[in-house]
Structure formats: C-alpha cells, structure tokens
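Order of writing sets the chain letters: A, B, C, D and E. Residues in each chain are counted from 1.
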Amino acid sequence: MRPLQTLWGYYIRMTIKWPGLAALIPFIPLIALWSFVVWLELFPRVFLPGPGDVLIKAWELLYKGILLDYLGDSVVRLSVGAAAGMALAIPLGIFIGLNSRAHEVSWPILLFFQAIGDIAWLPILLIWFGFGLTTMTFVIVYTVLFPVVLNTVLGIRSVNPELRRAAQSLGASRPRILFEVTLPGALPNIITGLRNGLGYGWRALIAAEIIVGTSGIGFLMFDARRAGSVEEIVVGMIVLGILWYIVDSWILAPIERATGQRWGLVSS
Amino acid sequence: MAADQTTIFRPAPSRVRQALRFLWPLFGLVVVWQVLVMALDVNPRVFPDVPTVLSAGWKTIIDGTLLTHVGASLLRVSVGTVLAIVTAVPLGIAMGVSRGISTFLTPPLRFFSVLAGIAWIPIATLWFGYGFGAITFVIFNAVFFVVTYNTLLGVSTIPMPLRHAAASLGAGHWQMLTQVLLPGALPNIVTGIRTGMGFAWRGLIAAEMIATNTGLGYMLFLARDFYRTEVIVFAMIVIGIIWLLLDRLLLAPLERATVERWGMVQRS
Amino acid sequence: MKSLVLEHLAKTYFDPYRGTQVEAIKDLSLTVEEGDFVAVVGPSGCGKTTVLNMIAGFVPKTGGRILVDDREVSGPGPDRGVVFQSFALFPWKTVRENVAFGPKMRGVGKVERARIADEYLEMAGLSHAADRYPNELSGGMQQRVGVVRALANNPDVLLMDEPFASVDAQTRMTLQEELTRIWEERRPTVVFITHDVGEAVFLANKVVVLARGNLLAEVDISLPRPRVWDSLVHDNDFKDLSNQVLQLVRSA
Amino acid sequence: NAQDDDLIPLNAGMVSGIDQLGLPIALEQGFFEKHGLDVHIANPYATGVDSLNALQSGEVDTVQVGVPMIGAVVRGMDLVALGNYSGNAAQLGSDTTMALAAAEGSGIDGDDLSTLKGKRVAASFGTINHLYVLALIEAGGLEVSDVNLVNTPPPDMTVALLADGIDAFVGWDPWPIMAQTDVPGAYEVVRGGNYISYVGFNVAMRDWVEENGETIEKYLAALSEADQWMRANPEDAAQVATRWIPGLDIEVAKEAMGYNIQQADRRLSANNYAALHAAVDTLHRLGFIDDTFDVNEHINSTHIVKVMEEQPELFSDLPAIPEEAMITDGYHFEP
Amino acid sequence: MKSLVLEHLAKTYFDPYRGTQVEAIKDLSLTVEEGDFVAVVGPSGCGKTTVLNMIAGFVPKTGGRILVDDREVSGPGPDRGVVFQSFALFPWKTVRENVAFGPKMRGVGKVERARIADEYLEMAGLSHAADRYPNELSGGMQQRVGVVRALANNPDVLLMDEPFASVDAQTRMTLQEELTRIWEERRPTVVFITHDVGEAVFLANKVVVLARGNLLAEVDISLPRPRVWDSLVHDNDFKDLSNQVLQLVRSA
C-alpha cells in the first residue's frame, strides 16, 4: 500500500507541474497490458494484433494516403451531422425545457424514438435518402439529438427559479432571460449532453459508414474486416479515440472550465 | 382589467388520466403515419401502413416468437445495463470527489467514449466469448460512458456547503456517498440512465447481429434480409414501447418521488 | 411613482405529493400610497416573503387582488424592483455585470451602464470587488450586490426582503442612510421586510406587523426627516415607537 | 476500338467478395471500354441487401446479388436476373466456393453429416451459405431443429470459432480457408460437394432492362471476357483480389481463386432457373418468406443467350451446357 | 470539551482564471479556552467566514496552524459542529431528517433520533414543519433548522456563522437564551459570528473584532450569568460594552 501511495502522490504532483503528461500517463499501463497479453500469445496474432503491428499498419495506411483521405471524409460527415444535430437539439431542448405543454406532448415521442437505434433505421433511410451525406447526417443527428435534448431539458429545469425572477423584475424580456439566465444556468448540463451526444454521434457514424460508406474511417475499419484483418479496426479505433480526445479537451473542456467551473456552478 | 389571476389548486390527475395524457401524442403519431402512407401512396417495401404492421405483429404474438425475442433481448439489456450502472455510478462519483482519480481517468474515458460497440465486437469476442459475453460487453459499452459523465456532472454540481455540512455532522465516506452524493447527483444520474438505456437498446440491436437466433435485433436483421419492412417497423415499435414502459414504470416515478419533490428540478 | 393596494389577499401552498396545504396568507388588505415607505415586520414564517413574492408577481395568489397603480399584477416587471432574501445573484456574471443587468435590459449603452454600476458599487463599498464573480464574495458582500442591483434599475416600486440582514452594523447604517437619501430623492414606493425593529422604525413612514398570515397592526412613524442615526439613537420618540413595534411582534 | 465519347456510361455495384471479382477485373483489364462501355463501379457494398437498396435508390444501374434478390422480389421489387456472376450453367449443383469449417474436437465428420446434431453452427441467414447449411443438414438426415443455427456475419465467424462460441460455421471464401490458418486445430469438414446450386446473378430493375438491351449485352460480354481471363490467369486474378479486398492475404486469395474459377460461369441455363427455383422453394418451406414467385418472370436470359451465340469464343474454355439444359428463345422453366 | 488555538493563521484565495489573489486572512493568532464562548464581529468581508471555514476544515489554510485540543486540524469532523451562513440544508431530506442527520451518522436508532430531532425542533418552534422539505420553508425557518441540526449533534466545538441573521427579534431572543442554556449545560467551545453587537455581548465571554484579515481587538465580557434579556437591556455594563465593541467595529 505504502509505495503505491507514494507513487500516487508523485503522480499527482507531476500532473500539476506538467498537465500535458496527465493526458499520456494513464495510457502507459493500458499499452503495457496490451503488449503483455499479445506477448503471452493468449490469442493468435491475427485476432489480436500487437501495438507494433498496428503502428506499422497505421503507417502503411498513412503512407498510401488512405488514412488521411478517409479521416477527412469522416470528419466532414461528422461536422455536418454534429452541427445539424446541435442546431436542432439545443433549441428543441430549450423549447421543451421551458414549455410544459411542449414537454407533455413531445416527451413520450422522444422517449419512444430514443430506443430505436440508428441501425434499425438505416435500411429505411437508405431507401429514402440513398447512400449519401443525407443519410449519414440523419443518422448522426438522430444520435446526437437525444442526449442533448434530455440534458438540456434537465439543465433548464434545474436553473434556480429565483434567478429567472430576478431577471424578470429587472426588466428582462423572455428572450433576454433565455440568453442571460436560463442558458448560462443550463450550460453545464448542455455541455455534458454535447459530450455524450457527439461522442455517440461519432459511434453512429462508424456504424453508418459500414453500411452506407464508400469511404471514411468506419469504412476503412470494416472494409478490411470483411477480408479478415483486425489491424485496421484497431487503427481506426485509435484514430477515432485521439480525434475525439482532441475535440473534447480542446473545445468542450475549456468551455467547461471558463463557464460552469469558473462561476462556481460546478466544482472543479 | 385582466380577468382574475387567481389560480385554484387542481388535484393531481388520476393515474388513468396521466396515462392518457402520456399516450395521446403517440396515438397522434400513429394517425400521422397512416395518413402519410395513404396520402403519398408509399410502397409497403419502403414503409408499410399501420394495418400491415399490426397484422405482421399479431402473427408473431400468436406463434409466440415475439415473446421469445422480447424475453431474450430484455435479459441481455438488463444484464448489460445493470453492470454498466453499477460500475459507472461509483466511477462517476469517485471522479467527482477525487481530483487525482479524475485527472488519471479522464483521458482514457475520453478516448474510449467514442469507440462504437461494433468496432469492439471482434476483440470483445476474444475476451468475453462469443454470444452472451460479447453482447453484454457491447451493451455495457453503450451505457457506461453516458452514465459516468452524467454522474460526474451531478456530483460536481452539488453545492460544496452540503458536503461540508455532512462531513462536520460526522458522515463517513459511505454515509457521504449514500446520504449526500447519491441523492445530490440523482437528477443527473437519472438523466444519464435515461440516455444510457436508450443507447443500450441501440447497442443491443447492433450486438444481436452476432451469434444469436433470438432477440429483437435478430428479428430485425432477419426481416431486413428478406425485405419484410413491416416486421422491421413492428420490431422498432416493440423496442420503443418496452423502453417507454421501463421509463414510465422505473425512472419517471423515481424522479417524481425524489428530485422533483425535493424541489431540485422544476416539475414538468 | 406608483401606489400599491392589496385586497383580501390570500395564499395557500399545496403539497401535491403529500396532499397537504399551508395557509401562508389568510386575508390581507393593505394600502401603500404612492411614494410611501412601508416596513413589514413579523415572526419568522408569518408570510412576509410570500406577500412580497405575490406583489412582485413571482407566485400566483390563491385569493384577493393586488393592484399596482390600479392595475392588477399579472407577472413580474421592471416597475417593481426586488431584493431577494437569498440574494439571487447571477453566478455567471461579475459583480459589475450583475449590477448593470437592469440598465442593460433597458438598452443603456455599455459605457454608461458600467458607470452606473460603478457608482452604486462605490456606494455599497464594493468597488474593489467589481470584477469578481459572486461565488468569490462573502455573504454580506453578495447581499449588498443584490441591493444595489435593484437600486440601479431605479424602479417605481422597491420590494426588499431583509436586505441588510447579513451586513455588519457599520455598513448597515451607511446603507440605511443611503437608502433614505435615495428614497427622498426619487420617492419610489418601498416595501421593506426586516427583522430589525429599529431599522423598520428608522426607515419607514409606516410599519406593518404581520402575524400568522394576517395583518396584526399598522404603526405610523411620524419621525421627522431627514433621519440620521447619530441623532435618533437618543431620540425618545424613536425609542417609544421601537418599543411599541417590538411589543407587537412579541405578541404576534 | 470505340472512341472515348461514344462509350455508354453505366453504374455498377458489387459486394466485396472473391466471387464478385469479374466486375473489377473487366474494368482493370479494359474489357468494358473494348465493348463500348464506360463503367463506374461504386465502392463495394457491405451485403447483398445493401447493394439492392442502392439499386432501389437509383445509385447504380445493376448489381451482383444472390439470395437477397429472393426476399426483394417477394416483397415486390421488380428485379430481373441477366447472367451469373457465380454459378454453373453446365451442371446442377455448384457450391465449390463454400465450405463447412469446424473447431478442433467438435466431432463433426465430413463423411457423416449426422454428427452435426446438437452442434452450434453459424451461418449468415438470408444468404447462400444459409441455403448450403440447410442442405448439409438435410444430407445428414437431420431436421433443421436438430442443429443449433446461429446468425453471424461472415467476418465474425473465425473469431467465433476461436472463442469457442460455435462448433462450426459455413461460409464462402476466404473464411473457411482463413479458419484453417488462423484458428489452431480448425479443419474443413466439407468443401462444396454439389449439395446446392449456387445463386449469384447480375441483376437490374425491369424498367431499366427493357430500355437498355444493347448495353446489357455489351456489359455481359465484357464480364464474360473477364471471367475467361480470370480462368486463364488465376494467379493474376488473385493479385487483383488483394487490391479490391483490402486486408486479404495473397496466399489465401490464391487458394480461394482456385475454387472461384470453377464457378466463374456467366452463362445461363435451365440449371440456373432450377437453382433459383430451389432456393425460393427452400426459403418458403422454412417460413423465411411468405410467398413464392415464378422464376421465369425474374430471369431474362435473352441477352446472355445472344452474347453466347454471337461471341462463342468467350466461353470456349467452359464445359458445354448439356442439351437438355440449353435454353432457346421463349424458354419456359417447368419445375 | 476542546480548546482551540489559531497561530499565525493566513489564507489567500487564488483566482486561477485571472491570476489574481485575495488576502482574506493575513496573520491571525487567537486562543479559545476549552468551554469558552467567543463571538467574532467585524465588517462584512473582513474574513470571519473564512476563519470559521478553516477551523471547520473546509478550506485549506495557506499559512499558520490551527490546533483543536493540541491536534492540528486536517479536515472536517463531527467534533466541530457548524452552522452555515447559507444554511446548507439537504434538499432531499425533510426538516426532521435534516436535524436527525448527525445522530444518524453516529448510529443512533431510528426512534431515538426522531425523538432528539423533535425535541430540538420544538425548541426552535418548528414542530409543525417537521415533515416539510427545506424548499417549503421560509428563510428564517431554514436558518433555524440549520442551527438545531448542529446543536442536535452535540459537538465539542460549535462554529456558528451568523446563525440568527434571518430570524425575527422575538424568536431570536428565545434562541439566544436557549443557546446560552445549552452552552451552560454542556459547555461546548463556541465560536459565534454575528453582525449584531448586542448579540455578541449578550452571548459571549469574549468578543473578537476582526478587521481586514487581522485581529483588531479582544474584549472580555465579564457580565454575570445567567444572562436574560429582560434584565440586561437596562444594564449599564451591557450598554457600555456594546458601545465599546460598536466603536471598534466602526473604526475597523
């Protein structure tokens, strides 16, 4: 116990000194474990490639230019889908959160559709919209929608009503109250909703690209898989993970720090 | 002069009326669906009308297959979801309480949160076995991250003085957890579970592509392979209804009896 | 400015979960003249905040009428400024932004509203904290921000719920004198809730005593103005009035 | 020979699989241009159903698809089969590209298929390997309910075998071949064996077929030439396969190609009508589809027959179609 | 009970976003004897709550030492009961459950802790509200719940931050007398923050005046006990002491 504790204390101090390291260190044991399992040959290499194999494959894909091309395609699809999803989900969440009639009408419908996966929709969507960006966007929007709406509604409903009253009696109109009071108050929840929604939107994209895809990271992963190679899957997972890591830690987390945490709504 | 602004207290609506109020938007949806299909004269292969779906559904009810499928799916979803909740809630709380744990776990959490269940299937099969193990993992993976993030948010929005008060009244770690952190984070945990369980059903459909000959996802895929769109739509409806029931019977009452009653969120 | 009339006002809180009810205000009639200063005192839980919330338009009444300048109250509005018992500062705005909120809503320009805010913050002794966020303030500082936020909006009716409860004796006197000055200058109609009987008598033209949801007594305070603490503490009329009100509260 | 601008544009779709390779080979070897076509191949679809969805949505003019066609036709999609991408016109019974692979110690014996009883066997439901396993079960003298069939996408079959989630699987190449190299102890129980007749057609919507007869003939001719090239150069064809199917190992590709060319026969004969009819019949009997259809309505052999007549050299290396299976104009299949 | 020693205590708040810092407590040394009753007064924002929070173990100090019974404070504990300026009631517990929280943590049985809670609620005049949730209470009622919640846990050290600020004059006097009674009975060490100078003098053995993060003065209050308002209001010593403290606060 003791040495572990010292080690832990050392780690904490180090992360405070070099926050950048905090992002890398936790992966070291993971990669070590992975290498170890591969080294033990518990599973045949073809089914569980080692870090080295994956790196080589990644380099190969990068070298051929496929990786970047496909990554570009996926990112475009995701951005379109995420932008459309947010543009739809946040206002919808606000509307439902503010208006109890809208809540009453839409809640059952929302919950009903929430459980019906995008994969179930795909065959029907394909017939409606074809194999293009529209279908992809639809699938992503569909996935982003629910976590963002649910969290936004919660956020709005948990804003202290006294703050809204204060704004009203200081002369704020309804739209002003929305922007000056309700939205900032709901922001921590909205961000968590986005974190969940976009994260899962990313997953939906992969699922969609397997079927709809003609390019993209999901396509890359499963195109190879159809011929029996697992390496591309792992490469794809790592690329996706890193990409999302960047989005979260460079966009969402800073917003979070500058708002909810700074205002003391959320303890850091 | 404005009409009398006085509001008279209305007694809480009866259960039947509540249920009706909840159901009418769904009835509306069914009507819209039927009218659209008839008005646009949609090919049943593209989207079937209401009677076709009902009769297809009726057939599966009579021959008992529906019950088998629903039973199998419910079992898988419950196991995966329960596992995810019992791991995610403590993890979210630990991260919300301890800065060290959160710095250590945030990067891997971020990294893994976008990795879709289907991408895991080949690897999950290796580790957890084909069939139940892999399916459970995919569902777990769908629920885990949302619940973790929402719990984390819930814990960090508990006002510090409440935690202080409990500590100075002698609450130990366990009591702090059960008496303060859990109830305080409850609004967000419920929303997390609500979002997560929605994703669990989606994950299930993806997972039941593999290694099964029962389950709603299996039913859906088989129908897809033989272009039985009405069975696809029926399976989707069944999934939606089951989820609605779960939400109505488990989550909504929990919410009403706790966070709404405590005045932590406004009543809907 | 505006007059304020309460006619047979009543408020019952329902608990839909337990099916119980609390009669917070039973039958309250009260007239406050235009530009008058009324202090409300009464035991904790007697319904003071409830009345204020109804005048402000925050909670629906369950009986009677509320007229502001002969028009029935239908919701909150900037004509009635409110100082909240729980401060209700916007956590996402700095102290200056909180105070400048009202002028901003009226469309006052950026520079001008910063000037207004700074003037009031100066008055409340908070200039040094203008750029902090509310969670970085002490309790009394937060309360003072809440007070000047309402004042800065220059409302016709000013509804104040124990605005100086968390403020130290010295600052409190300053604020009381400032409030008197502002009131004499602009003559808003003020309803001022307090637990400090001396404060009530010092500030008001009339002290209203509430008890268990009913009006117990109205005491006219005819002390000459301008009132300053240094002279009033030794004033016998002041002492007598204070004692009279205190006895009323005790009997409530 | 034709000028570039005279080329007739055509959008074709495929599913990535070794047996579908005739299409990309025709493109790579320039056979389409040679026959006056400008063919664009959409990126390979995940499954036959997806390729049919693409066809329905107008993304492509023609696709290569097998069993999924049956479900679609039953549900009213007006599809017409024009030629084989994989199958055999010369004989009834062709399934060399499929095999049953089993795990070590599973006790399944190729000489006695009744050993399948009680075993967990994976197949991809709604595809040709589903039909194949059903035939194997029948051949073993068993009922369908005697075997525990589970639905599994082909890529997951080998890992399922390794993880001991199943005892055996049926699949098309390269999966049975890969199982033997990747899964320790796995063995091939049965390879082919003419238990069923392969169904794999060049398919298009009827409207389109009616208006593009000439194009179809050019298309089929080019594909037939590609098949011939593939039969003559299996090693090179395997190379092409590794380019079109990323992740495919060259050795596996070579072995699979060896089996594939035995079925690379674009011609249609009575045998292919019978194959489709048998498939429809089986699926209907087992309750997977509610209805049957007349195969004569959904196979249009006119165009391939014309190619066979006008360019016999494209088929000269193939075994001749027996007299009784030959089809002429106005042929009508009677079960 | 326990003694309390502050040695060169210091606290600077850092604002990591702006990079600024606020020196809330500069250098504070103070000794509170076992079983003593100390009142702390001082202008709003002078650091009273900060000191209390450090003694309670809620916020880390940035310098000096805090000893409770010769042991350095390392975190919150049930030996030090706290009444919060912002009440800090658990919204998810009824009034009774809030008050019974401390006993529950100590493992007191269900019936016994309900009895304890009811006893204290009776004392605070809140018996009728025992089953309500905090959001259904008036401000003063919430504050009283906060007070009795701390008292019910019977701590060795009682840290109270303006516990009676939102309570009406009458209830306040009752509570002050109750507090005196409890203190005389059990003799906890009390640190009591207030803005009401009279209250400080009435309750305490020693009044500590803070000013801008420093100790300005300590005034010993040697009024005889038991103290009751009815006699003390006319007591000249009481008046003199009150005036002395008031002058100190004003000069702060």
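The definition used in the following text is that a contact is a pair of C-beta atoms (placed from the backbone, for glycine too) under 8 Å apart; a residue touches a chain by one contact, two chains touch by 3 or more.
Predicted model, so just to flag it, every value in this text is computed and none were measured.
Both chain A and chain D are touched by B. Farthest from chain C in terms of Cα centroid separation is D. When chain pairs are compared by contacting C-beta pairs, A-B ranks highest.
For this pair, chain A with chain E, the centres built from the Cα atoms lie 47 Å apart. Distance between chain centres (mean CA atoms), chain C to chain E: 27 Å. Separating the CA-averaged centres of chain D and chain E is a span of 85 Å. Multi-chain contact residues of chain D (touching two or more other chains) are listed as 49, 155, 159, 162. Of all residues in chain B, those that touch two or more other chains are 45, 122, 126, 160, 224, 229, 261, 264. Across the assembly, chain A contributes 43, 47, 123, 127, 210, 225, 262, 265 as residues in contact with two or more other chains. Residue ranges of chain D in contact with chain A, taken from their complex: 16-17, 42-47, 49-50, 53-54, 56-59, 154-155, 158-159, 162, 174-175, 178, 182-184, 245-249, 252.
Taken in their complex, chain A has these residues touching chain C: 160, 162-163, 165-173, 176, 180-181, 184-185, 187, 259, 262-265. For chain D in complex with chain B, the residues that touch the partner chain are 49, 68, 70-72, 74-77, 122, 125-127, 148-153, 155-156, 159-160, 162-166, 283, 288-289.
Those residues of chain E that touch chain C in the complex are listed here as 13, 15, 18, 22, 41-45, 48-50, 85-86, 129, 131-132, 136-141, 144, 161-162, 165-172, 195-197, 246, 249-250, 252.
Listing the residues of chain B that touch chain D in their complex gives 43-45, 121-122, 125-126, 129-131, 134, 209-213, 218, 221-222, 224-229.
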